[in-house]
Every structure is written in C-alpha cells, then in structure tokens.
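Letters are used for the chains, namely A, B, C and D, taken in the order the chains are written, and counting of residues starts over at 1 for each.
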Amino acid sequence: MPDPLLSVHDLACARGERLLFKGMGFGLEQGQLLLVQGGNGQGKTSLLRLLTGLARPEAGEVRWRGESIRRVSEAYHAEMCYLGHANGVKDDLNPVENLRFADGLHGRAFDQKRAVDTLERLGLSRCLDLPCRVLSFGQRRRVALAALLLAGATLWILDEPLTGLDVHAVALMEGLIRDHLKAGGMVVATTHQALNLEGVTVQRLLVGNVAIPDLA
Amino acid sequence: MNLYTYASPANFYHLAGKLIPWFAWGAGLLTVWGLYISFFLAPTDFQQSEAYRIIFIHVPAAWMSMFIYLVMAFWGAIGLAFNTRLSFMMARALAPTGALFTFIALWTGALWGKPMWGAWWVWDARLTSELILLFLYVGIIALWAAIDDVKRGDRAGSLLTLIGAINVPIIYFSVKWWNTLHQGSSINLTKAPSMAAIMLQGMLVMAIAAWLYTIAVALVRVRRIILERERQTDWAKAILEAE
Amino acid sequence: MEWASWSDFWHMAGYGLYVWGSYAVTAACILVEVILLKRAGTDTRRRLKRMQQWEEQ
Amino acid sequence: MHRFLLAVLRRDLTLAARRRGDWLIAQFFFVMVASLFPLGVGPEPEMLARIGPGVLWVAATLASLLSLSRLFADDHHDGSLEHMVLSPEPTVLLVLGKSIAHWLIYGIPVLLIAPVLGIQFNLSWDAILVLELSLLLGTPILSLLGGVGAALTLGLRGGGVLLTLLILPLYVPALIFGAGAVDGVMTGTGAEAHLSLLGAFMMLSLMIAPWIAAAALRVSLE
C-alpha cells in the first residue's frame, strides 16, 4: 500500500530533556482535516513545527508523497503553507504590499486584482492602503489568512488559527477550511475553540495525556 | 543506527569512569618527569640563559590550545554530519581546557618575551593568532552559556567552531604577512634557536602530559554533561541513587 | 646538574621572576580548574538528585 | 533562483526605506566614532594621517555590527522569517539576499561617507581612493560574516553584545588587509597585494559564510 500524501512514521519529539511524545504515526489524504488536540505544553506546536520541517525530530520522519520532507523540502514547501502564532505580516507595509512580497518570495507572479479581491473578501476593503501597524490584531490575522489563500498550497498547517478572531471571522475561517477541503486540500490544525465543520470528516489526534472534550 | 549504539552515552559514561584515573596518573607522572628534564637535565641555553626554561610550558600550552580547537571542530563536524549527541558533548567538555591553555600560552609568552625581546607583548603572527584564538574560545563558551536549549546550543556552538577553524589559519598568515611589511617591528621571532635534543625531549614529555591531562579533565566534564542530559533515563537514575 | 645551590635554582640566573611567574601561574590555573571541576561535579550530582526526589513525589 | 534573490532584496530595501532611522543610526555611529579619535589623540595632521586608515576601518567594522543585530531579529519577531525559510527556495539564497541587502543599506553609505572622514584625517587623495577600494572589497565581508553571527544569536538575551564577541575576531583579516592597503599607498609599498588578498578573502567569505549562516538560521529556528 502506498503512503498517504502526508504521513508520519514513528515520530518522537523532545523539548530540552523532556520527551513530549514518541512513536507517533498517522497519514493524511486529500480532502482530510487533522485536528491536533492536547493541553498546554503537551507539544501541539512542536508537532506542527516538525510537520513543516522547521524543527528536526528526535526520531522518525515526516513524509510527503512517500519521501522524507528533509529530502524533498523544496517541493514540499511549494505545496505547504504554515500559519503560526506570529502572523508573518510586516508592520511597515500595507496589506497589499505584504501579499506582493509573500508572492515574490514564493516565486509566484503577483496578481494585484486577485490579492485585492481576497483582502476584500476577508473584510479588509477599508484598510488596503494603511500600514499594518495601525491594524488590530484580528485584522492582521486576516492579512495572514489572505496570504494563506493566495499561496494556493495543498497542505495548510495552522497553529491556533482562530485566536484573536471575532465571531464573523471564525465563521469565515470555517468556511475557508471547508472550501479548501472540498477542493482537495488538506488541513492540519490545532485549536482550543470549537470549530463548526459539518460535512467534513475530522481526524483527531491527541498529543500528550490530557484528555480534551470534543471541539468539532 | 550502529554509530548510535557504539556512541551510547550510557556505555561511554562507564568507560570514561574507568579511563579517567589512568589518564590522570599518566599526566601526573609525565609532568614530574618533564619538570625533571626541564630543570635538571636540560642545560643552560647560551643565548637565552635560564629564561628559556619557560618554553617547556609555553610551547606545549600553545600546541594544546590549537590542537584542542581542532579536536572541537572535528567533534562539531561529526555531530553536525551524523547527529551524534556524544560528539557535541565532547566539544563542550573540551572548550574550557582549550581556553585555559590559550591563556597559559599567552601569559608565559609575555613572561618569556619580556627578558628576550624587552617587551611583554609584540604583535607577531603567533601571539596575535593565539590572542584571537582566546577570543574565539570565549565567544564559543559565551554562546553556549547564552543558549538554554541544549540541541540548539550544541549545533550553534559547532557551527561557530567550524567557521573559526577556517579563519584561524587566515588570521595567522595575514598577521605574519602584515608584520613583514611593517619595518618598524624588526624583531624576528621565526628564527628558531638551535635546540639541544634534551630540550626537545622535555617539551615533548610536557606536551604529552598536557595531552593526557586534557583527556582526563574532558572525560570528567563529559561525564557530568552526560549525567545531566540523561537524568531521565533509568541507568542515570540508578547511578544517582547509588551515590 | 646545572645548579650549584638551591638559591641558584630559585634565582635562575636573574630570570627567576619570569620563569617562576610562568610556572606558578600555570600551576595555579590547573589547580583552579581541577577544584572547579570537582566542585561542579558534586554540585551537579546533588542538584540532579534533588530534582529526582522532587519529581518522584 | 535569481528571482527569489531579487524578491528578498526588494523586500529588505523597501522595509529599510520605510524605516530610515534604523540605518541612519549606524552611519552616525560611524561618523561619531571616527570623529572622537582626533579629540583623543590630538590634532597633529601627520599623526592623524598615520592612524586614519585604521581608525576608519575599525569604525566601519563597529558600525556594521550595530546594524547587524537587526538583520534577522525583526523578521523573526513578526514571524515572517519562518515564512521565508519555508519558501520553496533554499535558505542559503535567503541568507545571501539578506546579506547583500544589508551591504546595500549599510556598506554603500559607508563608502559615501568615508572620503569626507578621510579628509578630516588629512589623508591624501591617493590614500582616499585606495580607502574607497578597500572598503568596497571589505564591507561585503562584514555583511557576510555578520550574517553568521546574526543567525547564531537570533532571539538570545543580550544577542547584540554576544554578536560582537563572536564576530569581531573573524573580522581581523579584513581589518588587516583593508587598513594595510591604505597604509601601503601612504608608505609607498603599494596597495595591490593587500587589495588582492582582501578580494580573495571576500570571495572565500562569499562562498562559505552563507552556507554556515543558513545552517545557523535553521538551528536557531528549531
């Protein structure tokens, strides 16, 4: 049987001298969502950073299309987009410029109209020409989401994507995730908040040993 | 991962424990022998009189300072290439002793230079590179001290050691060349005085003693580092309880 | 033997300060390193033991 | 590949243009350090000409360190550094791009200011010309090696001071060849040998430093 698109084999992760988890394994196919759950300090963020390839595992490996992401990191990064705690939004640039540089760094041609459309869809039509410094935390998060949408990646790795978002934005985010999965995308996300994702099969992964009530 | 089992910290901890006394006693005995040669067998130098007896520690210390740095770079490169934990620990265990020998080489160099050239310090290639080497050691130790995360510290320190290892020869030759152009400092340090065989022998004995001492000290230090990092494992817990 | 007497030995033909200054500082450095090493060893073991006791509770 | 490099450059230059204060500080520092020396050693023209090349080179080195601690820190702070490392292009290109951008922002102004300071130090026109050439070859070394230090000390407490401690020893050859070239032309021994060695050191730094800095950056982001 071939490996799933994204697969994790016997993964172990340590922070300092403390082993967070070991022997972890799962696979994720197109159209699937993996919700990573667990208490604070149990290694959710560490797992996501291992999946992106930013951190290196203590043992085991992460594979993309059956190959270790260390070996195919460039191809993998072209198909993966990560949104961490920090937004990766430059305060000195306005939202459109932020998207332009994000496109440039990922080797994509910048489509101004599409970028503006996306920002407007995310409710940022009134602050397109303002430096991000003056935007609120939630608005900056939306700029980061716009970059995520424009990246056109297959795999989204989202670390607490709902933090700092208001009710409308959460609903919007849920819609974005649903659309992405329907279009054949994949999502790995951590969240403390409940997600309303009807019609989506959700895989759950518990990191650490603290049980968490159902959130989705 | 064969390499991994051979370089297992648990095995190494016990092996090091057995080896340390041998190296320590060897270092002690050779030092006594070396000192006997240096002060009682080696004749008075006709040019430098008795002051030359400083070289019996100066030269071995200078050799060790550079040799230890190269060994650290070697362990760092092995660690970066094969991800072996023990090699990083070895690199860390060697650094303080390397810095110590660098300091000794500088100190004794100054005390030798004053009666020989009439100056505590001259900016010649060897002294200057030794000084820069001390800065490099201090920088590496400071970097380790500043990074709390063990894995990051190991790798960052090794990368710095490597770039320093590339740079030290460049510094040596640049200073040497710089000196040949500056006519003002006419002291010629490169001309080695003809050395009696017994003097060379004394230096070699002292160098081997310093080498054994370094190994003994580094092993003690690496044992402490191993215990600290492995304290969650059963074997380390057993050792701590037994004490 | 090079030395006629002990005072000759300490005098080092007028270079006593330099020669003995070198050897004394080297000996002191090594002594300090060994003492620090011993102390760090016992400190570490005591600390690790204490942490172990604490974790077992 | 070169498109990625250009994208990094354009991004960093735009950001620098938005925050002019940051890099002007380094240039003022350069001017101030160089101006303090005549006050300290006295105004005799011969003496100033004698120490001028070394002083200007040391001041340029210190000024580069002042601006280097920010090379990755701001991008690390707002998360964009992770995004850039996770781009499909190799990290070594990112580091190279950022080092070149640093040189354009810090090195070019140093090149423009140095002749003025050279006049203050009573350097001859020949000496000033060689000073410019040596800085042209030497300041990229500072940006390249500094990238290693900035990557190693990323996010550490007291990172700026630590960066200085780590990187200054590595700068020594650049300092010797750079100041030596100007000295050479003043004492009549010629500057070509110094300049070609400086160029060789620059090429070596260009070939080695970005790789080590990229490795250090990945280590620091883990």
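The definition used in the following text is that contacts are C-beta pairs under 8 Å (C-beta built on N, C-alpha and C of every residue); 3 or more make two chains touch, one makes a residue touch a chain.
This structure is a prediction, so every number in the text was calculated from the model and none was measured.
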item: If a chain touches subunit C and subunit D alike, it appears here; value: B
item: Most widely separated chain from subunit B, with each centre as the mean of CA atoms; value: A
item: Chain at the geometric heart of the assembly (C-alpha centres); value: D
item: Interface with more contacting C-beta pairs, comparing B-C to A-B; value: B-C
item: Centre-to-centre distance between subunit C and subunit A (centres being mean Cα positions), rounded to whole Å; value: 56
item: Distance from the mean Cα position of subunit C to that of subunit B, given in whole angstrom; value: 16
item: Whole-Å separation of chain centres (CA-atom averages), subunit A against subunit B; value: 48
item: Centroid distance [mean C-alpha coordinates] between subunit D and subunit B, Å; value: 31
item: Where subunit B touches two or more other chains, by residue; value: 149, 231
item: Subunit C residues counted as touching two or more neighbouring chains; value: none
item: Subunit D: positions in contact with at least two other chains; value: 222
item: Every chain pair meeting the contact rule; value: A-B, A-D, B-C, B-D
item: Contact set on subunit B toward subunit A in their complex; value: 148-150, 229, 231-232
item: Subunit A partner contacts - residues on subunit D that touch it in the complex; value: 3-4, 6-8, 10-11, 14-15, 18-19, 77-80, 82-90, 218, 221-222
item: Interface residues, subunit C side, partner subunit B - complex; value: 1-3, 9, 12-15, 18-19, 21-23, 25-26, 29-30, 33-34, 37, 40-41, 44-45, 48-49, 51-52
item: Touching residues on subunit B, where the partner in the complex is subunit C; value: 39-40, 42-44, 49-51, 53-54, 57-58, 61, 96-97, 100, 103-104, 107-108, 111-112, 114-115, 213, 217, 220-221, 224, 227-228, 231, 237, 240-241, 243
item: Residues of subunit A that touch subunit B when the two form their complex; value: 16-19
